[in-house]
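Next come two complexes built around chain A: one with chain B, the other with chain C.
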Partner chain A sequence: MKCTIGTTNVKDFGRAIHALAKVGEELYIEPSQSGVSFRTISSSRSAYFSYNFGNSFFTFYDSGLGGQTPASGEDTFRCKVAMKAVLNIFKGIHNLERTVQRCKLTLKWEEAKLIIQLTCHYGIVKTHNLSFIECDALQAVYDKESCPNHMVSDSRVLLGALSSFHQQTLEEISFCFTPRNLILKSHVEEPDPSKVVHTVVTLTRGEFEDYNIMSNCELTVCLKEIRALLAFTGSTGISTKAYFSGPGSPIIFTYDSKPLYEGTLVLATLVQKPEVGTHPASKSCHEPRASTSIRKASMNNTLRASEISMMQNNLPNTTSGDKAADVTVQNITVALDNSRVEDIPHQQKDVVRGDTSHSEPIVPLLRNNNKAAQEEEEDSDTVPSSPPAKKSRFFFRRCFEATFNPDTLPGHNVILAEDSDEGD
Partner chain B sequence: MKFSGTMIELGCIRQFALVIGSLARLAKLCVLRITRTHLYFIINEPGTVHRAPGLWAELDQGHYFSTVTMSGVSEEHNEIFLEFEPDKLSGTLSVFKSNNAAVRNLKIKLAKKLSPCLTLEMQMPSFSEHARTVVHDVPVLPLPRRQWHLYQEPEMPHFTASIYLPPLKKLRHVVERMKNLSSSLTLAANRKGTLVLSVTSDAANVSTYFRNLTMPTWDLEGAASQMDEEQLHSATVEIKKLISFLAGEQIGPCKVICNIVDDRMVHLFLLHDDVILQYFLPAARSS
Partner chain C sequence: MSIHPEEEREINDGHFRAKTDNVKNILQILKTMNFRDQANVVLSPSGIKVTVENAKCAQANAFIESDLFQEYEIEEEMVIFKLNLTSWIECLNIFGGGTAGAATPSLKMVYRGHGYPLVLELEEDGVVTDCEIKTEEPEDTLDFDFFSTEVMNKIIMRSECLKEVFTDLDVTSEMVEILMSPDAPYFRVSTFGNYGTSQTEISMESEMVEHFECKQTLKQRYRLSLLKPSIKPLTAALKVSVRMDARGFLCLQFMIRTESHHICFIEYFCCPEEEDSDD
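Right, the complex of A and B next:
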């Protein structure tokens, strides 16, 4: 692949890299006939961020794929590079805009090198050679069409609202959508909610370009990724669309400047805690560990939502096209044979899927999820068995008392049945 | 216990935010005393002379608030003492530090939510006809009456020299340079309008002289006038603390008085139309 970014677009590209870098540590690059996608996923796999740059974004573009889109996924080249390395090249966006005349990106498959060449003023040419690793496709499974709720917001509205949240330690934020208002709340669980500043921002629906909410819902998401997204949209001034269905299923943010580029951020949302919601007092005794398990569960739910979208026969918009998507479905069932794939044939089990036989990014995650699911099952198993234990404590109450001494009982030294023999 | 007040004027809100901001730089914990007419911010510093607070700030409610309702713990003791972290409060007000900040009104009230808190309700301009409401709950700790005596108004110290300081910006510039040389600074003044800032290090002895400064006239002095007018009275303080005080220049005080108690403490008095800030800097043992 070879492409050149003109001087006007370098800034946007740099900003996109900055936004991606705030979410993930690896940058996945996937060239196709119609453009290049740059993607990343957060280390906890709760956020997926993707940029598709169209042909027209570049002054020169050659996908290097030959004439047609390859039929099987194997022929497409995909690779990933360390995010930090790329970020360093595009550091200082304002300087970039002033000094860089064009930026040339070249993927050399034979040498496994990504070459980024910046041609600056005064004939200075900076060439960066980055080694990449060939990898599987990174593609979140989501379907924004099936989401009943959506809103379109000018980035300034959300940026302004988020500027009211000052706490440095705040990690999560709740979006409460009601048909009339959007209420933003700081979401604090630990260690003591009564010791921190709580902030609530109320925005009326009139502030949004489009606001279509079917029913009230409260979504809790990570602030970091939202900030990354808004940093980009705020500087380019394009509006953001959000699609969502409810707590536990992902919220999808998209924005585009067609035909130049489009960005998509898929964020896992927290599952609402049933008991905690009804007893506000129990919130204070919430431990950090609990919150991580909830986050795990929310991940599961992200998956569930994606399955639903698959069942509705709405294939996600993959860059590789419907055909490739079919292939990936089959491949993944092969790849994940050793984990519980039998239960869910031909269905996606993850936000992220790989489509070669060694789908390295998925398997560990899947196991984790299964483990989490099993743990949940075990937990639910112990619940019905606990009353008998309680009963025994009730009936044999005296035996559990502190002053109880078995030697004082009549006939304590009479052995009715001998101990059984050892060894056999 | 009830308190709620509404601020409308942007200038007042901004100044309020600046006062809180300078509190945040000085200490982790601060006490807010609310009376019928005033708000007091008090920072108690451990180890000061006569348990004098490190800072005593006095704000006139009438100037800041357009409407106030307040009722104290009881009829007899019609006051409220709240302990809070100024850092948190200052964070919620940081919107007003930028010059283009706009707000329709700011309402501060004492509320009981998850815990007792000061609730700040702001009506911000928005892109629609309805205002955008922003609500911050800053947790506070109401102090019981038995602790009130710790936060009483400090007495005017028996100083030996008193002088109006030159513009704080200038002073700050000098002190920040001196900070690189030593960790403590000696403030000295006489009755002829001379102020000397000096630091001592192994290699050098640096002094900056300000001459012909005006001096406030105090009623309480009398006997002291017999002393030699030329004699310098000095106290050595930690530079770091002095700098955090000098950052208070943002409030834009009309006048700053510096009172020096020989080798005991430096008492700094910031006067503004509606804010009075008193800083008590204990003298550090000069090595």
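Right, the complex of A and C next:
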């Protein structure tokens, strides 16, 4: 493959590399007839980020595939290089446009080399030879068409909203979608809520270019990847589209500047809370979910199985709970290869990323919203992790101190009639 | 390294004294040299020479000419001592970096002779600070014997150009290879890092190259860690002259314009890495 990026597009390319570098440590390159894909996956496999550059993005493009169709399998070349190496070449975004006149990318299959040549001002030519490794296709399995909810937002609106959140320490953020507005909340897995800053930003649907939410849902995702995406879209001024169905299923962000490039970020969401519109029958769908989750956990030996099963036991997830759990796994899994789909239920990994002790405390808060009897039952489920349960009770108690304001909970005005009696 | 008789030192209050109304001129130069704590200082009628060495393989020399000072008196032909460069810089910077346009402190330096400290007197708006820096016996400095007759290749260019090359060097590479040649690729800097090799070429046709004089193709490897400290003076410089002699020794000469528009020079020598020649 050979391609040349002109001076006007170098900056966008550099920005794309920077965005990808914030997500993953390896850069997957896959040329095709119509353009090149640059992809990455986060080390926990909870995020998949992909850029497709169309051949009009380049001033010169030769896929090097001849007349073959890329779908023919064996003839498609894919490789990966260390992200850091590429990032070093494109560091200093602001200088790129000023100094680089053209950038030539060459993939030499025989030598397993990626050659990046930057022709800069002052007659400087920088040639970087990076060794690559041939690899399987990196392709996330997702279907944005099947997502019932979507929204389109000016990236700067989201970027502005996110700027209110603590930049360094906050790792996760919850998007609470209601038909009227979007509430962004900091998500902190800290047993003592008084130790951390809680931030809530509300955007009304008027702020969005398109806002189509079928039902309330709350999605908790990693902030780092969202920031990476918005850093790109915010600086180029293009809109970000989001497609999602519910907690536990991935949220898909896309944006494009057709025909030059398009970007897709698939992010795992935390299976964590009962959806705001939970119906009381949630208990009934507990049992099947718990069993499937145990099975799924055992498939992945890197996961601490007991933790997952507990999590999902305690956290009824009715949006996807009604569907067959296996289907959910298929939908959200990011896989290196189709054959490995089953190996990497990244959604669960994301769930596990937080410590049990941290994840647990959320549970009693929810239980409180449910019936006390149910709480007792579930308590017996959590016996294996009694130390965290202590913390949970501690957390539980603070919730009912005078400073606790139920209004800060998402969807407080919508849910659970029995709760509103004592709370409001 | 001459040691003067006691009585001669006692007679003169100021063996060496120099005054400048803008301390930043000197500070700017010294700051670029601070890659090691210790520096040898040579005072002579023509000016001050500060030498900093790194692992006996690299050496930086700064020349601060006497006309940079409003007053400059020295009784001996040459006085040498060693001092802590970091302390010297800290003392000179005692009034802070200051923003542009702010009043700049004036400086008086006095050195009474062997065994005495270097006395600095800084004044800004009536505020006076006295500093004394202990001096030590000088160390022998390397003589790189870099005669201009032996110089095979020489390129003078605007420093931005080389700066862009040097600041982008792959830090995972232990060695840097510099090639200078009368034919293409003229000037090439290569690194061999963990992720692959990188080469940067500067064409002699570049508008940044002011002088190009290469007689022979020379290719030498230098330790990146030895070459790295040259980035500081390079950043401060207007122009840089890159020279390589037949033995492969590298000399970078930086031309720096001080705040009061004096021209100062810093030389940076670097030994090549011994290896089997594969030319």
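One rule holds in what follows: the second predicted complex is superposed on the first by the 268 of 424 C-alpha atoms of A that agree within 3 Å, B and C clash if a C-alpha of one lies under 4 Å from a C-alpha of the other, contacts with A are read in each partner's own complex, and residues count from 1 in each chain.
Just so we're on the same page, a contact is a pair of C-beta atoms (placed from the backbone, for glycine too) under 8 Å apart; a residue touches a chain by one contact, two chains touch by 3 or more.
All values derive from a computational prediction rather than experimental measurement.
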{"item": "Simultaneous placement of chain C and chain B on chain A, clash or fit", "value": "clash"}
{"item": "Touching partner for A:A82 - first (chain B), second (chain C), both, neither", "value": "second"}
{"item": "Partner chain in contact with A:S215 - chain B first, chain C second, else both or neither", "value": "neither"}
{"item": "Which partner reaches more residues of chain A (counting touched residues only), chain B or chain C", "value": "B"}
{"item": "First, second, both or neither for A:S44, with chain B first and chain C second", "value": "neither"}
{"item": "Among 2-10, 200-208 or 218-226 on chain B, the segment whose C-alpha atoms clash with chain C after superposition", "value": "200-208"}
{"item": "Of chain A, residues touching chain B in the complex", "value": "154, 156-157, 160-161, 163-164, 166-167, 193-207, 280, 284"}
{"item": "Sites on chain B touched by chain A in the complex", "value": "88, 91-92, 94-95, 113-115, 117, 124, 126-130, 132-139"}
{"item": "Interfacial residue positions of chain C with respect to chain A in the complex", "value": "158, 160-161, 164-165, 168, 170, 193, 195-203, 205-209"}
{"item": "Chain C contact footprint on chain A (complex, rising order)", "value": "81-82, 84-85, 88, 99, 113, 120, 122-131"}
